[in-house]
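Got a structure here, written out as structure tokens. Questions coming.
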Amino acid sequence: MITLDLIRDIASWLLFILGGAGVVVGAIGIVRFPDFYTRLHAAGITDTAGAELILLGMILQAPSWLVVAKLVFIGFFLFMTSPVSTHAIAHAAWVVGLRPMLGADLKREGDEP
Amino acid sequence: MVRTIVLAVALAGLWLLLSGYFDKPLLLGFGAASVILCVFLAHRAGVLDFEGVPTGLMPGVFIYWWWLFVEIGKANFIVARQAIAIEPKLSPKLLQVVSPTKTNAGLATFANSITLTPGTVTVDLEPGYMVVHALTEALADEPAIMDMGRRVAALENGGDA
Amino acid sequence: MMFAVATAAILVAMLLALVRAFAGPTLYDRVLAGNSFGTKTVILIGLMGYLTGRPDFLDISVLYALLNFASTIAILKFFRYRTLSISLEGPSADAPKFEERDVE
Amino acid sequence: MSLLAQLPVIPIIVPLVAAPLAVLMPAEKMGGRIPYIWTTLIAWTVFAACVAIFYSVATVGPISYHLGDWAPPIGIEYRIDLANALVLTLVSGIGALVFPFSYESIRSEIDPRQINLFYAALLICMVGLLGVTITGDAFNVFVFLEISSLSTYALVAMGANKDRRALTAAFNYLVMGTIGATFFVIGLGLLYQATGTLNMADVKFQLAGDNNRMVEAGFAFIIVGMGLKAAMFPMHLWMPNAYAYAPSAVSAFIAATSTKVAVYVIIRFIYTVIGADFDFASAAFAWLIAPLAIAGMFFASIVAIFQSDVKRMLAYSSVGQIGYMLFGVSFGTEQGLAASLVHLFNHGLMKGALFMAAAAVMLRVGSHACSGYAGLAKRMPLTAAAFIIAGLSLIGVPLTVGFISKWQLLSAAFDSGRPWAGFLIVASSFLAVIYIGRVIELMVLKPAPENAPPIKEAPLSMLIPMMILVAANIYFGLNTELTVDLAERAAHALMGAGR
Amino acid sequence: MTGAEIANAGLLIDLSLLTMLVLVAYVMVRSRQLFAIVMLSGIYSLLSAAFFVSLDAVDVAFTEAAVGAGVSTVLMLGAMLLTTRREKPIIAGRSPVAMLVAVLVGAALIYATLDMPAFGDAASPANSYMGEVYVERTAKEIAVPNIVTAVLASYRGFDTLGETMVIFTAGLGVILLLGAGSARGGREVSDVEDEDAKS
Amino acid sequence: MSIEHLILRVVIKIMFAPILLFALYVQFHGDYGPGGGFQAGVIFAVGFILHALIMGLDETKRVMPIGVLKWLMVIGFLFYAGTGVATMLLGGNLLGYDAIDPASTHHAGQHWGILLVEFGVGMAVASTMMMIFYHFAGREPEIRDEDW
Amino acid sequence: MDLVAFLAERYNYWIFIVLMMMGLYIVIARGNLIKKLIGLNVFQTSVFIYYISIGKITGGTAPIYVAGDMERWAHGAGHDAGHGEGAAHGADALPGKDPLGAGALHADETLQGDFELAGNDLSTLTGEAHGAPDTQAVHAAPSDGVNDLLAAPPLKIEDHASAVADAAHKAAEVVYSNPLPHVLILTAIVVGIATTAVGLALVVRIREAYGTIEEDELEAIDNVAEFGETHAKGAAA
């Protein structure tokens, strides 16, 4: 029993650290990246790797099946909605005419309105 | 009718998962009533169609998801490295992808999968193709994306056949 | 302890997202930051449940995830169509075209 | 369970149930009469219940009703003593008159499709005010205050069909009212933090004369918050426009009731909740309430003189009259309090009558401008007579209620050793002579404009309630037993609870 | 994990959330883009709701999230679509007055805090009197696990009746202001009762 | 059917029924965990708001007509007030739920009372919120472009 | 009590004050009507934070009974003894601690208060309300009806420093935060959203009628229109 708990703890530690790192790195990306479209990708890290890994870590530590079920539901919900939100924002910007920086030199091509 | 039953069963399962009270008949009764009400409203709202309840996709979707998780993990790593690199080497690129999928639900799944994978975001859907924004040249790997598309298409076939 | 570490990470990330929400420069950056902020809050609430020893209140997290989504969609319609009432099913041609680069 | 035991909730629960039902009634059938008759009947029922409560309180003693069968500090309590019974009767009485009164006026000012909603909102406004008055629970005051405020915002904005300034007036009212309500909530929070309870009487019991900074600040916040709602002098900015541009019937109702209720809440909190025997309370009387009351009495009356719109003039006069009430409270004596209560009641009667007359003029002449009142004594003699009598009452001419309340205030001032206060009251009454006299002069002495179309007297549905109110103005001016004696008893009970 | 650690973690969360709240509020004061402000007010709600969770007020957090981040954001967006999206420059001369009022109110409250019981004090009058009575009696008299629901719907059920009336009144007010029969710029408001929608 | 918003449409169609179910779950588990009528009503309304955002307001009005909402608003409130009146008729005070089932030692009356009033709150709040949304979203804007 | 502790015990309140001041400042200083409403929201939300801060108990948990704890409360505190026993229970769970600092403000008087209410249980309370001569029960005596109804239960003596969260699983030591402020704030939140909705509707109407929602411009338009003429709807739109 103790070993099982220990394994569980180690696994959650790992997941939390990975997930936490993902969340922070994603946030750093959101701040650092040069334009809106590149920031979208950084936000993607938080939404997928960060959030889901932490949720997984929490699932491992869950005291009851009910909590597991709810965490799975949240994970599923994020999994379904986060790409949609990302796409929605990106699409809105795209349609309005915000053009991405492209290429290694990060030039905007369609800079006219 | 099949969709109605599938939705009802799924909702009933969801209720039990959320509620966690299996021994209170009152709550179970409310659960049943709620499921019926939800199915009725869903029917009325016109979401009980091939898009809203994609029964066609369901059977193989879990295997696909597992594959997707791995892909997401890999992509995450690449993007994260750029985010914390002292000098990020970004070379964003737009590419047009022709989706191999046939159904709308499949197309949506494909587009979502692209967005979910960090480094690529579906920016626009047009009839016939979609516009994808990729963070670096390496991530704008069209064959890999098409591979994903084929997997989704395979899901559709598996379900419908 | 592990929950505290994860919480700390989330809090740091929230602060960073907030920086982007403040700085802009385009409105879409703000929306993106706001959306990302919402996701982090979802996780934070879950973690706080563990920290206080009562992880049974995850309903709040579910609700957050849901509302975050809903408001992002509303914002999309806000920008794209300038109305909340139009259907997204019809042809997109009737949408008012406006070209705007909202850079502060 | 007998009806009598449930009497205290009847005035609240009946309109609460009736208002949503009014929403469902057809608006346009029979010229909107269905919701009108329904809400009028309800208003009368409520009035009857309030009178019964008043009678019961006056003869037997205070009523305590436990909502949900939970004993007071745990549950919410309705606690009715003479002070609330008086205000209850005033509010429901005005309601019982305004509802039948409103029909013609509303039909000319409101879109026919909205009549049912309008009456529902008016009923909700009334129930909110009643709920504020009747309750013995501090937080319940806030809830019902917001019910009445929210409906008032919408009702005031309904005046936009005539004049779009109603919208900005309503918005300003909303902002100020919400700030006021939030201040009130902060004050409640402070009191709660100091005592751990929300029941008014229990707060006082827990405080037991104990004084600390939380209570002081809480007291200040409650006074300021309610002062905003009551249009106490420097916080009255929302009020003139709101009254001036609201639909006439709405002005008549809220002018006669809503600020009075807010003043009542101030009194209630000073005496029942905090207790006037705290040092800071008397300091507040001397340095905050009294100066503001005096400033209001003079400033608002002077501004009223220069108004060209009769409703605005009346609104400014209300600000001044609120000053009288608070001035009476600030004496800190039983007599001053009694005078305030009497004036609160009487002022409801006179302002109600004045605004009703203004509504009748609005219906026939189509304007609230002073110029429209020229020669009115010939054109609409009964309405003009009503206006004149109520106006004289506002000035404080003997044989009217206005005289009674001024007299009470004066004697309270002298008895409490403030002869200067008596002088101030008399002086500011002269200002009322000027602004009311101006309108009376217009009506009686000036001829009607030559191109004025001939107009009829106001319809009976308006005249009768107006006349009843005018008669009340005179009756309570002659028979002071009901008001003065009871107000003295009420004041005694309020002050007595303070010791 | 020891109690002290939990307390520290709690303090950390509290402080960082409060710091972010202040930051958001400050930027809201400064910013002039209405849209950004609406979005920030959504974030403000989320943050305060997270703060409520850390103060054990799960029901409140639930509601605040639903209302602040959900409904009111959507309503604000809807209203902005019907009005404007930008704020004009600040009116000169009002800020000092506003500052004065705000500082006065703040000073009064800070004065009050000097006598307040410590934050989190179980023996403060607020927490040891009625609050505790409810905790004790709910189990005996109502027997539902959620004490907040018990107090909300039974002990103080009448407040909640009022609350429902408030919401009803708000709906009524909005219908009166924006619904059929309300005046409007140039055109009549279309009669969007059911006939219209059913077609 | 335009393909431009396919992703949104598909996902929201999939999520619609679960959101409503979640709302009802919150409604009926208010006794056991956080939540209750008000929160449930808001979530329920959010479900329909999402529907309106994607499928268009007219379609949502077809699903949930304004006339029905008006009735639901009233009925929801009357559920609450009616419970109070019923307890009065049964011999208690207003909202004294013990009168519903006075004999019970397990507080059945309280349970029923709370359940009923919470249900009323949920119904009233959901319909009112939808009503408010309809009125904001359904009003035609007349906006000058420079304001935008 | 030293300064650091004093600060640490009140920082919540002070931050609430800062937030509230910012909200109030927005409401008064800004001319845009929508922004005013947002300011009102901030103002109200900060008040919510204040209330919730009042109800927090260090080491407490959300006021939802943990599994099994409800039965303990229901049976642990007997029917006859009422709160008296509840207090005794609290005292002997953690003996020998004094109520802390400022919190003991009312300790003396409440402990000396009379315990009539505390002794009542549900049956006597309802019995009183349901009793046969109803009117008599409902009409309390005019003057002294207050004090005997309202008596304070004794202060519960609780050591909050050692009540830790993992105790949540041991029912005997659970401390619940105060539910009452939560209830009040739930109501206040609803009032807040209702006000916001009506306010926004008004703003929409103002925009349609005046063509602007800036307060100074509105005032200017109104001042022009002040003399005599009443405006037809939408003249400026």
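The chains carry the letters A, B, C, D, E, F and G, assigned in the order they are written, with residues numbered from 1 in each.
What we mean here is this: contacts are C-beta pairs under 8 Å (C-beta built on N, C-alpha and C of every residue); 3 or more make two chains touch, one makes a residue touch a chain.
Everything quoted here is computed from the prediction, not taken from an experiment.
Shared contact partners of chain C and chain F comprise A, E, G.
Common neighbours of chain A and chain G, listed by label, are C, F. Using the average of C-alpha coordinates as each chain's centre, B ends up farthest from chain G. Distances from each chain's CA mean to the overall CA mean are smallest for chain E. The centroid of the Cα atoms in chain B and the matching centroid in chain F are 29 Å apart. Mean C-alpha position of chain A lies 32 Å from that of chain F. Note: centroid distance chain D to chain F, computed from Cα atoms, is 35 Å.
Of all residues in chain G, those that touch two or more other chains are 20, 24, 27, 37, 54, 61-62, 64, 105-106, 110, 122, 126, 129-130, 152, 165-166, 180-181, 184, 186-187, 190-191, 194-195, 197-198, 200-205, 208-209, 233-234, 237.
The set of chain C residues touching two or more other chains comprises 3, 8, 14-15, 31, 51-52, 56-57, 59-60, 62-63, 66-70, 73-76, 82-84, 98. Residue positions 1, 16, 20, 23, 65-70, 73, 139, 143, 146, 150, 153-154, 157, 160-161, 186, 192-196, 198, 206, 212 of chain D are each in touch with at least two other chains.
According to the touch criterion at the top of this document, the contacting chain pairs are A-B, A-C, A-F, B-F, C-E, C-F, C-G, D-E, D-F, D-G, E-F, E-G, F-G.
Chain contact summary for the complex, chain G toward chain F: residues 62, 64, 122, 126, 129-130, 186, 190, 197, 200-201, 204, 208, 211, 237.
The residues of chain E lying in touch with chain D in their complex are 105, 108-109, 111-112, 114-117, 124-131, 133-134, 137, 154-159, 161-163, 165-166, 168-170, 172-173, 175-177, 179-183, 191. Touching chain G in their complex are the following residues of chain C: 51-54, 57. On the chain G side of its complex with chain E, the touching residues are 8-15, 17-32, 34-35, 37-38, 41-42, 45, 48-49, 52-65, 69-74, 77, 79, 83, 86, 99-107, 110, 121-122, 152-153, 155-158, 160-166, 175-187, 189-198, 200-205, 207-209, 212-217, 233-234, 237. Considering their complex, residues 1, 5-6, 9-10, 12-13, 16-17, 20, 23-24, 27, 33, 35-36, 39-40, 42-43, 46-47, 49-50, 53-54, 56, 58, 61-62, 65-66, 69-70, 73-74, 77-78, 80-81 of chain E touch chain C.
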